[in-house]
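There are two complexes below, and they share chain A, which is joined by chain B in the first and by chain C in the second.
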Partner chain A sequence: MEFTLYTLLGMIVTIVLAFVVGMTYMGLSRKIIARIQNRKGPPVYQNFIDVAKLYSKTTSINHGFMQHVGPAFLMVASIMALMIVPVLNGEQWFGNLNFSGDLIFLLYIMVFGPLGMALGAGQTGNSNSAIGVTRGLSQMVGFEIPWVMALVALMIQFNTTSIVDLLNIQAESGTWLMFSSPFAFIAAVLAMLGMFRYSPFDIVGAPTELASGPVSENGGKYLFTMMSSSSIFAFVKLVLYVDIFMGGASNLVMLLVKTFAIYLIPMLYGAVSPRYRTEQAIRYFWGWPAFFGLLAIIYAVVF
Partner chain B sequence: MIYIIFLIFIGGAVTTYLVGKISSILRDIVFLSTIIVPAVLFFTEINIGQIVNISVAGLQLQWGITYFGYIFALIVTGLGVMAAIYAIPAMKGKKNLNFFYSNFIITIMAMMGILFSRDLISFFIFWEIMTWSSYLMVVYQGNDVQKIGIKYFVFSAVGAYAMLMAIVITYSLTGSMMIDSLVAAFPGFDFTLQLLIPILFLIGFGVKSAMMPLHVWAPGAYSHAPMAYTSVFSGALSKMGIYGMIIVMVSLVAYIPEGHWFREIIAWLGGITAIGGTLWAVMQDDAKKMLAYSSVAQLGYIIVGIGIGTELAMLASLFMAVMHGLFKGTLFMVVGAVEKQTGTTNFTEVTGLIRKMPWTFLAALMSIIALAGIPPLGGFVGKWMLYESLISSNHYMLVIAVFFSSTAAFLYCYKFLFGFFLGQEEKEWEHVKEAPAMMVIPMIIMAIGTFVLGTFPGLILNPIDAGMQELGFVATQGKYWEMSMLFNEWGNVILLQPILYGIMAVFVFFFVFLTIKGFKKTRYVTTKDISSSGEIPLEHENLTYSQNFFQPFYRAVEPVMKRQIDKYYDEFGRGMEAFFDFVRRIYTGNGQTYALYVVIFMVLLLIFKDFIFGL
Partner chain C sequence: MINDKNSQKIVDIIQNWSRKHSIWVLAYGTGCGAIEIPPTMTSRYDAERMGVRGAATPRQADVLLITGYLTTKTLKRVLRVYEQMQDPKYVIGFGSCTINGGMYYDSYNTIKVLDKYLPVDVYINGCMPRPEAVLAGFGKLQELIGEGKANGATKYKENLEWYRANQKKVIPTWKRPEYNW
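Up next, the complex of A and B:
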């Protein structure tokens, strides 16, 4: 009983941590991009203000059941993924459900949210939302290929599909996987550009063409849930990269340093890039990123 | 007892046809009981391993169910009963119903017959009955009979001849028609035959399971049969090909010395089938066609697993076979329901049915989540096992291929749900109502089935394991699975129960949060009441988005899509026509010409007589 209580408490702490860190990073990214573009930019805590505002607002309309539960789907994916990914090495407080799933499970549960969200967006009847969804799904087919190639390379190199095992392997050998399997790291990082949806891969939201795409028609509590979910999700993805390629983190400070370092990649790449067309984005991922994924697999088989 | 089941089927088929001339209600009752009673008898009275010998015209026939056949019998009877219940309201008002119902019974009987057959004669006979009855269903609605029906029939015939050849060769070599004696004698054959017999069988089975390049009949045939039947057609009938394929691959191919590359080819054919089927499914605007291509793709996954042939891969394949029967059966029923209520199955015509047909939508949603392989529904279990088996058996490129296909499947999954149920609600479809309860209930039951199997796959892995042990695999319980756990070769584990409870807890929490917060203040607004880029759309403005739905994706994959196997078959057909035309010209109808032919023949005979007769 005590164990269950600790686990539950740990879960809640993890979720709060993910929420706060994710929100802060988003705020930081807005600031940094603004400085790059020679604007002043909003304060770092702007996203917290936004979320608080959205929470306190009354939502006066909905578009039916699917739109109503869409954000809940999104939350399921974010939180379940967070439960599977180990936050800190060997820390009992963040044990969560780390041993209940593996990388392949993670790949699939991460799709759960976008699909639910897409269904919700579909019911609003806004054609921009539907266009955004089709773009998002198409782009996903693009970046999943190099991403899966990188993961498969790691799986065959180390004979495991578990994230915890990969962490232990790195701890034992003393090197990070980004050095011991560099091609997989490159492929995964390039795939990450698509995963984070910063420019040039921000074709889903595309403020200028699609009026923010799938999230339009949502406000108040719905947008609040979506925003919280996406900040948690961003945190999950960052921690996953840190776990797999950078040996995880033994304390929170290291975690923040490493995750932020990873976060800078898509952000800075995006700050200076214009937007791709959808088919260009897909083809981009099937070009060099997939090539590096292939190299990674060959590397894993040969060595 | 085995006789009784078949007697009920045959008697039921005849009675249904005859009674239908008198009263339609009586016919429905006879029809349902003819499907349900044998199913109940099968599960209560038949013992696995029980065998009956029949001697007809000097031929020894042997019937009996094996543990392995039992898995497929579960699919056939389960789906058969559900589809039969569904068929009654779905087919209401159509012509030739007596014929449809009795034909339906005959198909189910033929499939059960295939599973019961322990000898190749009755296997082949039931196989042909199945082909015939399904052909009659394909042409039942009478559209495009020439094109679709003939295509299906030609491919089935080619498959049947290949199989017949294999059977005859077997008989001439072993002098016995028993499947067991073929398996026993197979290691003694010389290498050419060891290769030839499996290939001939696989052509026969590959046609039914729509393996590329033998799949071209499938989209047309699946979409032209009545939907009540197609759910059986795609869900169960195509699995007969898988059933045969597994027997061939496991019992025969394992003996081929260089069996390795043979397996690789089959696995890669499965992989290509999966990719091609998925890409074509994404492009379809007609729901039936889309699901047909999707069936082709899903059967591709199953073939991949069989081709690999490791224990985990076989488990994955058989599990996916059961799951595919469940969710694809449901999805075809959904399409049938939509067709009945709206009269069309085209995504570009129907939109926004979610509020009119909520239960149908729920069934569709759950099946789609299962199809996409998203946890916690059952599709995930099969996919997970397939990936793990591919990675641990060193098929790296194949796993990428399968993953690509499975990710691209999300596209058509979304298109299916969006096309029918979401999007703008149009005036044209305002009158649409929910389908009759008898159609909805089977769909919901099957959707719940996918849900239960997603968390407790052990329920179905148990009989699968028994069947696999019979085929010579070691027991896999505890090694690869428990009631709600999955393992891979390296000891990594998936605990399905905590995952399910986690998902439920989070979902319920946020669902309650979203519902309770400001409950009274939130009201429903129509799909016209939106902020379409800051402009308020007027009543007559059409905001439906359904044409060219995945155009950007199509642009990206265009080079692949240009290649199509149909064209080559057409070319082949045209080439044959030209050849026959040439042959026809030989028969000029002129007596003089024929005389000339005789003279030429004699001359040739004289010239080459040494060569021919070896004198």
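Up next, the complex of A and C:
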């Protein structure tokens, strides 16, 4: 009984933490990009204000059942992914349900939300949404290949699919996996550029071409759900990278330092890059990232 | 508890504060005033520090920024855009043309007084208004929102027949379904 209570409380704490950290990172990225462009920029907490405003807007849009459910799909998928990623090493409060999920399940869950969103966006009948969805799915085909290759390399190398086992292996050997299997790390980081959808890979929601793509028919509370779920999902991805490649974190300060260091890669790469076209983005992912993924698998099999 | 008058007041204060500091603008930039929007948004004047940000579609936008004159043809599009926006929504009339016709005061084909067709919350005077003036206009709108006085959308709903009559006068041939025309 007590264990269940702790787990439930831990879940709520984890969700709140993920929301706050994800939102703050997005606010920080807006601030940093503004400073790069020699602007003052919005305050760090601007995204919280945006979210509060979106929640307080009324909504009278009805395109059908799936359109209402689409954002909920995203939210559910984000929270599910959060639940199976261990946030801190061996911590009672942030353990969540990580014993029952592994990397393969996580790979599935990570595309579940965008697929639900695609169904929802399809029902709005907006042509911009349809183009955005096709672009998003094509891009997903692009970056999933190096990403899966990197994870498969790790699975072969250490003969496990569990994130907790990978954490324990890193704790025992004393080195991070980004050093002991460097090619997998490079492939995964390059795949992450596409996963975060910052420019040059912001082809899905390109505001100037597609009028924000799949979300173009959604305002108010729908957009609130999407923004919150995307911030939670960003936190999930960052924590996953830290867990797999950087040995996890033993306390919250270390977690924030490591996740922010990882987060700087797609953000700063995006701040100085213009947008790719769809085929350029896919060609990018099937070039060097896929090559490094293949190298990682060969490395894992041979050594 | 939620229906209590005092708690509603607190909720209103929080909502107005967040609405005030997060203004997503849909710029209807067919008039010449649109050329003043890029300098307002980019490095020199940086409207984003006030929470003003561009929105891509009417569904996500809070403010409809009408930059300059409207012809009877573009008025149709503006009406459709305005009615697609979600409450609470505000309109900013930008430049002299939206106030009294400006240099098009004797044109047969343009809308002279925008306020007869759409409820305008804030006018920004000038031909052209400089980015400083635009920022001052946004500041005024923020002030009004904070006080809860930017109620153009409610005015539009209450006086819909008057607005519709004015709109029909200048757009005699527009096939729209009867229930929203």
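Just so we're on the same page, the second predicted complex is superposed on the first by the 303 of 303 C-alpha atoms of A that agree within 3 Å, B and C clash if a C-alpha of one lies under 4 Å from a C-alpha of the other, contacts with A are read in each partner's own complex, and residues count from 1 in each chain.
Here is the rule we use: a contact is a pair of C-beta atoms (placed from the backbone, for glycine too) under 8 Å apart; a residue touches a chain by one contact, two chains touch by 3 or more.
From a predicted model like this one, the values you see are computed outputs, not experimental measurements.
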item: Combined model on chain A where chain B meets chain C, clash or fit; value: fit
item: Partner chain(s) touched by A:282 [first = chain B, second = chain C, both, neither]; value: first
item: Which of chain B and chain C A:269 touches, first, second, both or neither; value: neither
item: Chain touching more of chain A, residue-wise (chain B, chain C); value: B
item: C-alpha centroid angle, chain C to chain B via chain A, nearest 10°; value: 110
item: Partner chain in contact with A:297 - chain B first, chain C second, else both or neither; value: first
item: First, second, both or neither for A:211, with chain B first and chain C second; value: both
item: Touched partner set for A:19, first chain B, second chain C, both or neither; value: neither
item: Contacts of A:59 with chain B and chain C, given as first, second, both or neither; value: both
item: Partner chain in contact with A:220 - chain B first, chain C second, else both or neither; value: both
item: Which superposed partner A:241 touches (first chain B, second chain C, both, neither); value: neither
item: First, second, both or neither for A:109, with chain B first and chain C second; value: first
item: Where chain B and chain C come nearest after superposition, their Cα distance in Å; value: 5
item: Intersection of the chain A residues that touch chain B with those that touch chain C; value: 58-61, 128, 211, 216-217, 220
item: Chain C contact footprint on chain A (complex, rising order); value: 30, 34, 37-43, 46, 49-50, 52-53, 56-61, 128, 207-208, 210-212, 215-220, 223
item: Touch list for chain C against partner chain A, complex; value: 14-15, 18-19, 21-22, 42-43, 46, 48-49, 51, 53-54, 56-57, 59-62, 85-88
item: Touching residues (chain side chain B, partner chain A) in the complex; value: 352, 354-355, 358, 361, 365, 369, 372-375, 380, 383-384, 387-388, 391, 394, 396-397, 399-400, 403-404, 407-408, 410-411, 413-414, 417-418, 422-425, 488, 490, 492-495, 498-499, 502-503, 506-507, 510-511, 513-515, 517-518, 521-534, 543-545, 549-550, 552-553, 555-556
item: Chain A residues touching chain B - in the complex, by the definition given at the top; value: 58-66, 68-69, 71-73, 75-76, 79-80, 83, 97, 99-102, 104-105, 108-109, 111-112, 115, 118-119, 122-128, 130-131, 133-135, 137-138, 140-142, 144-145, 148-149, 152, 155-156, 159-162, 165, 211, 216-217, 220-222, 225, 277-279, 282-283, 286, 297, 301
